[in-house]
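Next come the structures, one after another.
There are two complexes below, and they share chain A, which is joined by chain B in the first and by chain C in the second.
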Partner chain A sequence: MVLKIFFPQCCNRADSGLLVGRWISGHESAVVLAVIHYPFIPGQVKQYVQQMQTRSGVELSVLGSWSLPKEGQEGMESFLRDLSTIFPQKRWLQISRQMGKTGFICNVLNRDHDGESAQKVKRKKKHEDVKGDEGEEDKEEEEEEEKVIFIHYEQRKVMMSQLHPIENGLQDPKTDSPSELRQMFQTVAQSQPLFFMDKYDDGPLKSTHWQSEGREASIIVELLKQASVPLCLLVTWLLSLWTWICNIRIFSLYPFCFLSSKLSTCVQLSYRTEHMRTLSSPRPAAGHTQFMRKANIFVSFLVDVALGMLLISWLYRDNHISMLANTLVPAADHVAKQLEELLQWLMGAPAGLKMNRALDQVLGRFFLYHIHLWISYIHLMSPFIEGIFWYGGLSACLGLTFALSLLSDMVALLTFHIYCFYVYGARLYCLKIYGLSSLWRLFRGKKWNVLRQRVDSCSYDLDQLFIGTLLFTILLFLLPTTALYYLVFTLLRLVVVLFQGVLHLSVDFINSFPLFAVGLRVCRFYRLAEGVKFRVLCDEPGTALHLLMEINPLKVSTVVQTYRTPTYSCYPKDSWAALVKKLFVGELIYPWRHKTTKTD
Partner chain B sequence: MGPDSAPGPAVPWQKVLWERQPFPDNYVDQRFLEELRRNEGVRQYRYWSVVKEAGFVGQQLSCVALFITLWLYMEQGLLSPEMLLLTSLVCALLGYGLHQVLTSQIEPGCEPRTRLADLQSAAIFLSFTFGFSPVLKTLTESVSTDTVYAMSAVMLLAHLVSFPYAQPSPPGSLSLNAALFASVCLASRLPGALHTFAMLSCALLVFALWPCLLQRLRENAPNQFTGVCVGMCIGGVGGLGTQSLGGAMLLAIALGSVTLLCPLLLVRLQRHKDNIHGPWDEAEIHEDLSRFLH
Partner chain C sequence: MMEDEAFTDINGKTISLDCQSHSSFCREFTVSSPKTSMAKVMVYTCCVWLLSYTVFFFTQNTAVLSAAIVITLVSMMLHIHFVKVDHESLLVIGSLGIQLSSNYASGRETTTFIEMNKIKDIVINEAIYMHQIIYFLCVLLKDPSEPDAVSSVVPLFQSSKPRLNCLVKIYKSCQEILSKC
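Up next, the complex of A and B:
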């Protein structure tokens, strides 16, 4: 069997003392967490370990002894051996390092043989240690059959890192216990209370671990923690007020309900409310996933608001708003004029197609009248447009996403005529397609059997056949005209929908992109680990393996995938084929039914 | 063990697969092909009876020719729509009377259509045709004439091909629809809405009602039926002859070949018929065509 000892790098130069850590059950491995220095009273050490065990929930124990004798301190062998009788353990590690030779010696005492402690001695001699604690090259002279592998790890990084894929503690007890590595990571992460005692503490014990030189903390973080409590209370109160307003009965009536589900500003508002509710909840985040979710939402919110402020600072400077408003009405006029020309072209002989003249004229005049109505409406609205822009621009202080959603809604409202044309064209076309398909069955003497979901043959009456054929002929000859109108207006509609889709996608991107996680990955790559890799420190024959454990950072794509805030666009969408089929049959397509967004 | 190695006479060969026998798989004994039967249930046709049956095909052909003739007259303005309507009305009334007479002769068991239902159907036909005739008139305005002619020709051909000659009384959907489609196409080329209406009524008469009457005639008065068929053929050829001699010639040739030549061929070729039956499953080749699609 190979005994693996996870040894923290910060304890390489520690004074002599007791090794505190944990035996990982089921695996031949031990995790050393800290060194408690001499002098100590054994009772106090036992009490301390007990206390830490209840606080951290880790089965801590005294693993063995560590000795790094100073100049002139010799002959501690017997003392160290006696220690093992004070702290009764199944196995007792005696790891020592000599100052002059920088050698590592490991003795393993087994208590298996009743009372009589069998001793197995390992001796490792360190070679010239050039880089100090960092790159140690150890040489091991093996004398016994049991091999020991030292795995050096950086305690701080391992404590802070989260091994992926994440297991949320809901593990099935029947399945295998978590892997050795995962247990080791968990052990280090959970023994945080052990690392709170630093050298400035007045307690009876002194210990060495990664924080023993002084605790790491940031005064800004502490201040923010203090400030966040009243802020959260305020936000919660505002949210409850907002929820109360939203729950007034008048808003649950049909038109409001319908409108608010279709306007992207309202949708964005509801998402943001949800986010703020998550953020301002008084309970601390349970588990890594929830913490990351909160942090991601918070950072996206901050970035969103900052971008919105940038937009505002541009918008309200140099009279940009009135400029925009003044260009809007001519633009709408221009679009209407282009549409009129398009309709005139369609009413002639477009592209040499043979259209039914009567129907063509009727449709063309109908649409022209519609455009006329629309233009008068726009001109009626034109004095108010600047005001609408001015107040609408204020919404950007809630975030760039709000401004974008508002823009999307405004585009939808300003291109309402195109939408109307599209709906008329699609309805007409849909009617024709369905009529033709069922009349084609009649033409062949078949019918659709609803009960069996298949086409059956059927004998029709004479008059049914006659009228059916008459209608079939009429529909067939009118189809090209309708189809052309449908095609043209669908293309126009697709342009609008594409633009809205791009806006929605960018809003969705800001809402769901895990900025915090990506930032962590870039600045503190060890926080999100995907595994570890081992670097061989000493590979000479006749020596034991000395490995340096390094953390493998998570891939950026995986980070984005794992920590993406779920929004509507995360759900599966209709395929392109389904979209094309819908377009062909003449079913209506919408940008807000996010299953059918054209982009992406 | 080859097929030639003689089996032991002790074990007779059985035509079964579930038993292990000392014979090769492809072994057959002397009784092979004993149960073969040829031309089972083959009817021997007589020439003139076949000709009589083929008369129906011929008269349908000449019906189409007659309709085309009428349309030609209408298009050239030689026949006024009022005249055609009047004639159609008289024909319809006469035909209806005849139909009633022929129906009352046969069994009263199966429930006949009431007069009211007939009247309702007629009202529906007339009102729909009349209401839609202005629409139909402008329907194919922008479509080129050649396209319309080609479509009509294809549809009339489809009518002739898919016509249920054996049992025409409930008219076959596809054949009737194809004929009506063709007549709508043709009628939309006529100069006025009334023309269209008259033409469509005439089409209804020729393609929908006439086969019903003829079927009754074939069931109840076979001798008169033959006469009517001959009359229709002569009428079709003669009518087409007043418009185009070439067309009349072609129609006459077609009628001759369908009613005289084809039955002759059928009767002649009958003796070459060699259909085998036996107590075996016929081999069917189910070619998997789907692999050619990829």
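Up next, the complex of A and C:
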């Protein structure tokens, strides 16, 4: 078996002392966490280790001794060996290093249960000046004895990193124990209390381990922490007020309920409420996932508000609002004029097609009348448009997403006529398609059996057949006219849906993008670890293997996938084929029904 | 200990295998892929530029030419950053695990480490690749719930695709280490 010793890089140059760490049970490995220096009183060390064990919940123990002899500190060997009797362990590591040499020498003392003195001593030496026959004999001896791998790790990075995929405390009973690396990461992360002892502390024990350089701007952080409590309380109170307003019975009546589920501003409002509720909950985040979720929501909220403020500062400077409002009415007029021209063109012989003249005229006039209605509606509205813009723009201080949702809703209201045309066209077309398909069945002597959901054969009367065939012919010859109107208005509708879809997608992107996690990945890549990677440090023959363990950061795509805040766009959507089929049959398409087309 | 030997990949191009033995239970195998030939780069570049010049000849729009230059440069950068693998290495550490890494021509490195308790075995497998049957080394992963079943297969040396004689050499020394631990 190979013995693996995880050794922190910060202890490479530590003064001689005792190694404190943990044996990972089930695997032949030891994690060294700190070095306690001489001089010490063994009783105090035992007490300290016990204390740390209860505080961190890690089975800490004294693993062995570490010696880095300096000038005039010779003859420690026997003293180090004697230490193993003071701290009774099954195995005692004796790691030593000579000044100016890179490799470590490790002796493993195995002890029997009855406390017999250590017998089997294993030596792995580096830079040993043995030549010729002696060297070879030495090697042969080592072959059958235990081998040692030193794995150097950076304590700080390992302590802060989170190994993915995340295990949420609940252990799967089928998998016996977490893997070795996971245990090692957990050990280092949990033994945080051990690292609090400062090297300038005047306690009875001196130790070497990773030490923070002190927290920067800690006063500000503390002040923010103090301020966040009343802020959270305030937000919670406001939220409870808001929920109370939302729960008034009048809002659960039919028109309000329907409207609020369709207007994207209301949908966005409900998301934001939910987010704020998550943020302002007084309980601290339990576990890594929850913490990341909170942080992501918080950062995206801040970014959202900042972008909204930028928008406001642009809108309310230099009278941009009135400029917008003044261009809107002529633009609507222009669209209406274009539509009228289009209808005139359709009422003649569009692209040289010969339509059914009577039906064509009826449909054309109907739509023209509709445009007329809509234009008068816009002109009626025109004095108020600037006011609407002015107040609507204020919503951007809640965030850019609100402004975008409001824009989407306004576009939906302003292009209501296009929607109406589309619905009329689609309904007519749908009716014709259904009529044609059922009459086509009649034509072949079949019918649709509703009970069995299949087509059965059926014997029709002569009259039925005659009337059916006649209707079929009429519908078939009228189909091109309807189909043309349907096609044109569907194209118009698709343009609007596309625009709204882009708005929804950008709102959704701001809502769900895990900005904090991506920032963490970019700036502190070791915080989110996918695994580890090893590099061979020194590879001279005849020495213990030294490996450097580095943290393999998570891929950015995986970060986004793991940490994105769930919103409605995460639900499965219809495929393009389903959309085309819907268009062909004449079913209505909406931008707000999240399961249908969202122009992805 | 270092050995450097020349082998061929499945297309008959020369690749080199570099075995490095760090200790008796830790070995590293590095397979260097064949270099991209200059002629191939020239042919691709010439194709794009001739095409763009033809378009330019008919449209008289200089934007086409600059677009062609940008496209060539960007696609070259993308190629060396994401596609062209310079060398792949396999680090087998007894009782700890196996590390696969591939270095791209731009210096990007992707690394995966598989722990020993997940590994069932390393085998040479056969696969149908286009119109031929090739051999490849792969790591069999254990299913944690069923110790005997194989949950998934991780193929090794995917981009360099060495021939059987090279694979056998790597396989033998891997098995030596795996059987010891």
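Here, the second predicted complex is superposed on the first by the 549 of 600 C-alpha atoms of A that agree within 3 Å, B and C clash if a C-alpha of one lies under 4 Å from a C-alpha of the other, contacts with A are read in each partner's own complex, and residues count from 1 in each chain.
Throughout what follows, a residue touches a chain if its C-beta (ideal position, glycine included) is under 8 Å from a C-beta of that chain, and two chains touch if they have at least 3 such contacts.
Worth saying up front: this structure is predicted, and the values here are computed from it rather than measured.
A.B. asks: Check chain A with both chain B and chain C modelled on it and let me know: fit or clash.
C.D. replies: On the shared chain A, the partners fit.
A.B. asks: Between chain B (first) and chain C (second), which, if any, makes contact with A:H372: first, second, both or neither?
C.D. replies: In the superposition, A:H372 contacts neither chain B nor chain C.
A.B. asks: Report for A:S179: first if it touches chain B alone, second if chain C alone, otherwise both or neither.
C.D. replies: In the superposition, A:S179 touches chain C alone.
A.B. asks: Thinking of the overlay built on chain A, is A:L462 touched by chain B (first), by chain C (second), by both, or by neither?
C.D. replies: A:L462 sits against chain B, while chain C stays out of touch.
A.B. asks: Go through the superposed model and pick first if A:H334 touches only chain B, second if only chain C, both, or neither.
C.D. replies: neither
A.B. asks: State whether A:R524 touches chain B only (first), chain C only (second), both chains, or neither.
C.D. replies: Neither partner.
A.B. asks: Just checking: does A:K90 make contact with chain B only, chain C only, both, or neither of them? Give me first, second, both or neither.
C.D. replies: Once the two structures are laid over each other on A, A:K90 reaches no partner at all.
A.B. asks: Once the two structures are placed together by chain A, how many degrees is the angle at chain A between chain B and chain C, based on Cα centres and rounded to a multiple of 10?
C.D. replies: With chain A as the vertex, the angle is 80 degrees.
A.B. asks: Scan A:L470 for contacts with chain B and chain C and give back first, second, both or neither.
C.D. replies: first
A.B. asks: Compute the least Cα distance separating chain B from chain C in the superposition and give it as a whole number of Å.
C.D. replies: 20
A.B. asks: Okay, in this complex, where on chain C does chain A touch?
C.D. replies: 1, 20, 22-26, 28, 91, 93-96, 99, 101, 111-113, 115, 117-118, 144-145, 181
A.B. asks: For the complex, give me every residue of chain A touching chain C.
C.D. replies: Where chain A meets chain C, its residues are 1-2, 4, 28, 143, 147, 149, 151, 172, 174-175, 179-181, 531-534, 536, 539, 541, 545, 547, 552.
A.B. asks: Please output the residues of chain B touching chain A within their complex, sorted ascending.
C.D. replies: So the residues of chain B touching chain A come out as 121, 124-125, 128-129, 132, 135-136, 138-144, 170-174, 176-177, 180-181, 184-185, 204, 208.
A.B. asks: Which residues of chain A touch chain B in the complex?
C.D. replies: 354-358, 442-445, 459-463, 465-470, 472-474, 477-478
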